[in-house]
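Each chain gets a letter, A, B, C and D, in the order it is written, and its residues are counted from 1.
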Amino acid sequence: MITKLVAGKPGLARPLSIVGGVLLIVGALLPWATFQLNIMPYPALSTLQFFDAPFGVPGFRLHVMLLGVAVIAVAFAPAAIRGRTTKALGWGALAIAVVNAAYLIVEGGGFGTITSAHGAFAFGAVVSAVAAVMAIVAGSAYPAAPPVTWDLKLAKPLEWLVLVLAYAALLKVVADTLTAGGRGGAANPYAGAVFLSFVAFLFGVFGGLNGTGLLRWVSAVAERHRAFSAVVLLACAFVLPFTEAGTEQWIYTATNIGVFAATAIGLNIVVGLAGLLDLGYVAFMGIGAFVAANLSGAASASLGVDLPFVLVLVIAAIVAGVFGAIVGSPTLRVRGDYLAIVTLAFGEIFFKAAQNNIAGATGGSNAIPGIPPLDFLGTPGDAAITVFGAELAGGVLYYLLAVVIVALVMVLFANLKSSRIGRAWIAVREDEDAARAMGVKTGKIKVLAFLVGAAIAGVAGAVLVHRLTTASYESFTFLESVTLLSAVILGGMGSIPGAVVGASLLFVLPEKLREFSDYRLMLFGLALVLIMRFRPQGLIPDKVRRAELAGETAEGGSLKEAEERAVAEQERADDERLGRTGVTEGRS
Amino acid sequence: MVTLLQQLVNGIVLGGLLAFITLGYTMVYGIIQLINFAHGEVFMVGSYAALATYLWALPSGIQSTWYLALPIVILAGAAFSVLVAVIMERFAYRPLRNAPRLAPLITALGISVFLQEAVRNFFPDGTRPKAFPEVFPEGQLTFLGVTVPASGLLLVVMAIILTGALQLYVNTSKLGRAMRATAQDPDTARLMGINPDRVIVLTFILGAALAGVGGVLYGVHYDNINITIGFQNGIFAFTAAVLGGIGSLRGAVVGAFCIGLIKTLAGQYMPGGTAYDYVWIFVILILVLVFRPQGFFGETERVRA
Amino acid sequence: MSSASDRSAAPLLEASGVSMVFGGLTALNNVSLTVGREEVLGLIGPNGAGKTTFFNCLTGQYVPTSGRISLDGTTLPSDPAKVAAAGVARTFQNIRLFPNMSVLENVLVGRHVRMRQGAIASIFHGPGFRKGERLARERSRELLDFVGLSQVEGELSRNLPYGDQRRLEIARALATEPSVLLLDEPTAGMNPQETEDTRQLIFAIRDSGVSVIVIEHDTKFIFGLCDHVVVLVQGEVLVAGTPDVVRDDPRVIEAYLGKPPEDVAGTATEGEEGR
Amino acid sequence: MRNQTAKTAGLVAAGLLVLAACGTNKTEDPQAGGQQACDTSKGALTVGVIAPLSGDLSALGLGIKNSADLAVMEANEKCAVPGYRLVLDAQDDQKTPTVAGQAATKLATDPNIVGVVGTLNSSTSQTVQPILAGKKIVQVSPANTSTALTKGTDFLNNPKRPFDSYFRVCTMDENQGKMIGQYLSGDAGKKSIAIVTDGKTYGVGLAAEVKKAAEKNGAKIVAEEQVSDKDTDFAGVIAKIKPLNPDAVFYGGEYPQAGPLSKQMKDAGLDVPLMGGDGIFDDTFIELGGKEGDFATSVGAPPESLPSAKAFIDAYNARGFKDPYSAYGAFSYDSANVIITALAKTLSEGGGTWNEGLRDALIKNIGATQLAGANGQLGFDEFGDSTIKLLTVYKVTSGEWTSVKTGTVTE
């Protein structure tokens, strides 16, 4: 409604955004809470009075202040970037204000905490929220401009430098996000709120950078130097344990992320490339896990053999792959979402069979515990090691293994995608009949997708049981299948980094939300809904999807025209009315 | 023989329960191709709403008079389920109408987790299973040695009446025709002046109302409810919808009864016994789909762009 | 029997006695025709005559109820993928490209059947793989050049204008190196200029040694294009012969201008597939 | 559209404003309460909890968390650990091993952690054990029943303790199963028993021991069936065992299924007693349909005869926790107290200041614990298992659990 008031008056935009920016800075300097909470002072010196420490504002108040400064600066930036950037910065500031205000209200016992109570005044949150809204409104009031793209090309070494800096910044952001709020627990009850506030800040910053076109440019540069980007990213992954995020908790979590990301990439072959919805995928991971458990010298395993790990991986991949082909074989007859239910059925059958210790291979309800840790050239996988004088957290070797496996699986995925096989998968996804008419043996190619995906999951499962030290049927529930699918879709279907980002989100988010104890999963569910609401194509959509979205805005005309012609075509093409029933019978 | 008859009765009761849920699944799928995993939770909140109504809204005089209390709690449960479903459709699914096809699946999952946890956190003592009040006379009918619980009879009768009424509605009413038209071809339906948004909301409402009634009758029959009843029964309901041919109302009901019967009969007669009854459901499902890929009553898959 | 081609003694594609019955409905009744080498055959007929059904039989999408279809003397299998491998490629009445693949990728899918890299080679991208991939790309670019789409190889096919989509479909079909190309209404919805371009393109295809069968409504287009024309009415061959013979046949005039046979086959349409 | 959304949002916001009156819960002294009396000059030490705090098992998990919390609060009030304030750090494991591993790793990164109470499920413990053991952090489980956790996988022939830092205060399947089997076939005189389990570690393990003991005692096991822990319709299972005419049904599992099962048995005309282990010894069992004459066992003497048990129940109820203490509350309370008592002892022996070097001594002291717990006089054997062999059989009489027999298992 307010937006409408200023919509036709771009002249108001700049003054409004400057006022908003100034107010954001003022809001940051104002106290945010009228008293110290009972547990301990709310972070970022939120009870400080105006100008107590004008330049010593830490934490979320610093974030608000920075966003405020940015809003003012953008008002004087090139016109094309003003609207989007201001709006994004405003949303970020608003989110920070809302998160902190909400937390203060809940913990402080009422609105008095963020307004006035007991003779004290604290309007920081209110002022910041109002200012943020002003920035958003100002952002929408700027004349609409198409998204900015930079046609900047630098010399190769310079572009490499840009990439190194960008990835270093990314690593810093990841590490900061992981450690935002501290490790929480009883000693630090505000960790959850601080984390959410930090995420809100990042949301604003990245939205702002996106508005300036910088992110698009960097990703274009990365696209130009894909191999180099991959190397730098891999290096970043290896450096992560050396950062402040290299605690055992995060290394352990990151290992799990790696294992699940590798599985999710495998699933991405089935779902993202070949377009076959799979709701029982975790079963393949389970098969790999139980194969590995039986072959790795666990005392309770019925086989009692202890094979080298690499061999175990290969066997796990083969066995899981064979099962994948078996499960995939109904694809020869069953189409679409009917197939999804076949895979769901297989997942449930696997679960029950594992629970009942089928063929004595799963340990049944007792699971297969006591799987010995992996041996990395004489060092057990869960030991802490020292590299370059830095002592790294225990389990870092598993983390490195997970990184290597994810990297290999990514290469495998990328290679497959840009090959005859990968194109056939995508063709099947796009139009199965047309693919068949082009000579693609669709049945075989779909079974192959299942086989490859399942083999990858088998490998991941084999790694997972060594990290968990137990292979229990309880690890492979339907919910886990859905989690994997969520990772693929959240990240962006068919996208290689997407699956990793999706898996990371699905693990990091609940882990960081631990501070909300009872409400943890509830917030998680809400987060899933919100992410899909605002980014239905996934966080890092596949290139094709990106192009598709760009196509819809930039070339909407041609699309529409094509559609109109298609409709006209439809009306005219009443020839061969027999076709449809014919197709049915031809298929069944 | 008595055992066989008894198991048939048990299977039919279970099937009647699933029928309440499966119709919502199949209608929503038929119209927007969404596997609405949150539909099971709609069923669950219906039963909790009925419980809350009984405990905190009904005077004790009505509480003890089952023929007053039962309709009231059924209406309350259905109404709340509808409310939840409409909010869900409006704020979570509708904005995703043009999103990639699987995006709403994640939304559905998020809603499912959210609703379960919300009930657990906000319903008093929601963490543990809740006893459901007696709003229907206890008792069994016994003939030929076969026991039929009265509540089970109620459940099956209601299931048949309501699903029949729904079929009739969808087949004969104007909105029902609009629904079928939208399911067949949303674009053409739009050209014919049908507002797809309204039709979709209606679909959610009908499905949710049935699920809500089912949730209440679940409580009546089993005398207790917990937060996971939705998810588990939802999976089976979805399976039933597929077995019957997704998008087909008749198929959904038949599928639901089949699943109920397979579960009890397989537990009784198939190798592995009750430990593997779930497995047999899914084995039979796979076999059916391999030989009849569109389920019992399904139309062949439309190829979607 | 249609008149035998006088260009070559042995026909390239031969359909004899093809019938197709759906339930109680006869869509094709004892259709026979032959296509010679480097020949353009036109298939015309009123709506519902069974033209696309015949294509579907040729390409293995349907198994004919009776009859035999052979290419170069070998019976064609009843699997579209195998038919494509044998050398019969088609386009669709309603364009069926792979909408979210680029123009080049669409053509590369057409190369699928002429490439040999399996899963293992695709995973490791060895030197042999890279060579095959490079050759496939070269060939695909040649084809795009041939149909005049080389400027837009990076675009998503769904974003192409309509006429370009038709041409891309032809390029994709040519990528399978067919000896017979089936075109299902290649000029539908085109303006006269585009139609003329398509005619030249079809000639060029024929001159490159590929026989072409064209379904079209536009009789003027067909008569100016084809060496032979077959008229299908209600699933049966009404007339077959050179354009001149067919044009003057009174039965054809009746079939087209007289009371058009009302189609009884219901409302389902091949158009469904395009959705 | 947009306008409507804005309006709705406005209405909601206005409603919230009205609802939340401008109040605060400011208290003048954040350190108020009994804590002031104790010396906490050396800071805080953490007692961790790992249990399912969300999802369908959260009733049990929250009982574990709250009971441990109770022990910690009491210890702080009583200044049980001189110089330190104890804090509880409860982590959700979502009953899955992966998440449990993350929870354990997270707790293990806290330098001030002294011990962990948990987990509920045996499979999660299998993952947690090595993580905590690697850091010599003591783990006391209130609920794990899998024998292999303390005696190794080859416990029958060659019992070997896998992790010295792992203890449990609950009883093992072996002990409880024998008691149930003997009671059913002996005292209760049931000679034809049907066994139903939920297929999970606890239920299946217990059922196996029940079967052994009952058969040894001359009873016949007429059926062995399995239901899913998510099932609520047991008509199929009941119809299957009914023609076999069992005179009792043993259910290996927990009360959320056992209650409805008992009721559905009765409704279907199979009116014989249902017996279960400590997993069904919960008042909710009766609410959910547990019928007159059903049996359950519980570890230790009945609370009426055991002051420490009564004290726990009273104290728990007095604190006003949101959730009941559930089946494992008393065990969890004991687990936390074991850690706290041993910690106090370790500190007094080791100079009064906590450091990493004291972890071995803490483990040793826990092994030597002698404590009057809520379940009886608590101690540990050489495997880390509870020495309480005393079990009580309860029976549902007039809608309440009443003890019918207390004793130890006879060989």
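One rule holds in what follows: a contact is a pair of C-beta atoms (placed from the backbone, for glycine too) under 8 Å apart; a residue touches a chain by one contact, two chains touch by 3 or more.
Note that the structure is a prediction, hence the values are computed from the model and not measured.
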item	value
Selected pair, greater C-beta contact count between B-D and A-C	A-C
Farthest-lying chain, centroid of Cα atoms versus that of chain A	C
Chain nearest the overall Cα centroid	A
Distance from the mean Cα position of chain D to that of chain C, given in whole angstrom	72
Whole-Å gap separating chain B and chain C, where each centre is the average of the chain's CA atoms	48
Between chain C and chain A, distance of the C-alpha-averaged centres to the nearest whole Å	45
Rounded Å distance, chain B centre to chain D centre (Cα mean)	35
Touching two or more other chains - residue numbers and ranges from chain B	116-117, 275, 278, 303
Sequence positions of chain D contacting 2 or more other chains	54-55, 199, 226
Multi-chain contact residues (two or more partners), chain C	99, 272-274
Contact footprint of chain D on chain B as seen in their complex	2-3, 6-7, 9-11, 13-14, 17, 116-117, 120, 125, 127-129, 131, 138, 140, 142, 147, 149, 218, 222-224, 226-229, 231-232, 263-264, 267-268, 273-275, 277-278
Sites on chain C touched by chain A in the complex	20, 22-23, 25, 27, 47-53, 56, 59, 61-63, 79-81, 84-85, 89-90, 92-94, 96-102, 105, 108-113, 115, 117-119, 121-125, 129, 132-133, 136, 156, 158-162, 165, 172-173, 175-176, 185, 188-189, 217, 263, 265-274
Chain C-facing residues of chain A, complex	412, 415-416, 419-424, 426-427, 430-431, 433-442, 448, 452, 544-545, 547-548, 551, 555, 558-559, 561-562, 565-566, 568-570, 572-583, 585-586
Sites on chain D touched by chain B in the complex	54-56, 58-59, 62, 199, 225-228, 230-233, 235-237, 239-240, 242-243, 256, 259-260, 263-264, 267-269, 284, 287-289, 322-324, 326
In the complex with chain B, residue positions of chain A that touch it	271, 277, 330, 333-338, 340-342, 344-346, 348-349, 352-353, 356, 431-433, 478, 482, 485-486, 489-490, 493, 518-519, 521-522, 524-529, 531-533, 536-538, 545, 583-584, 587-588
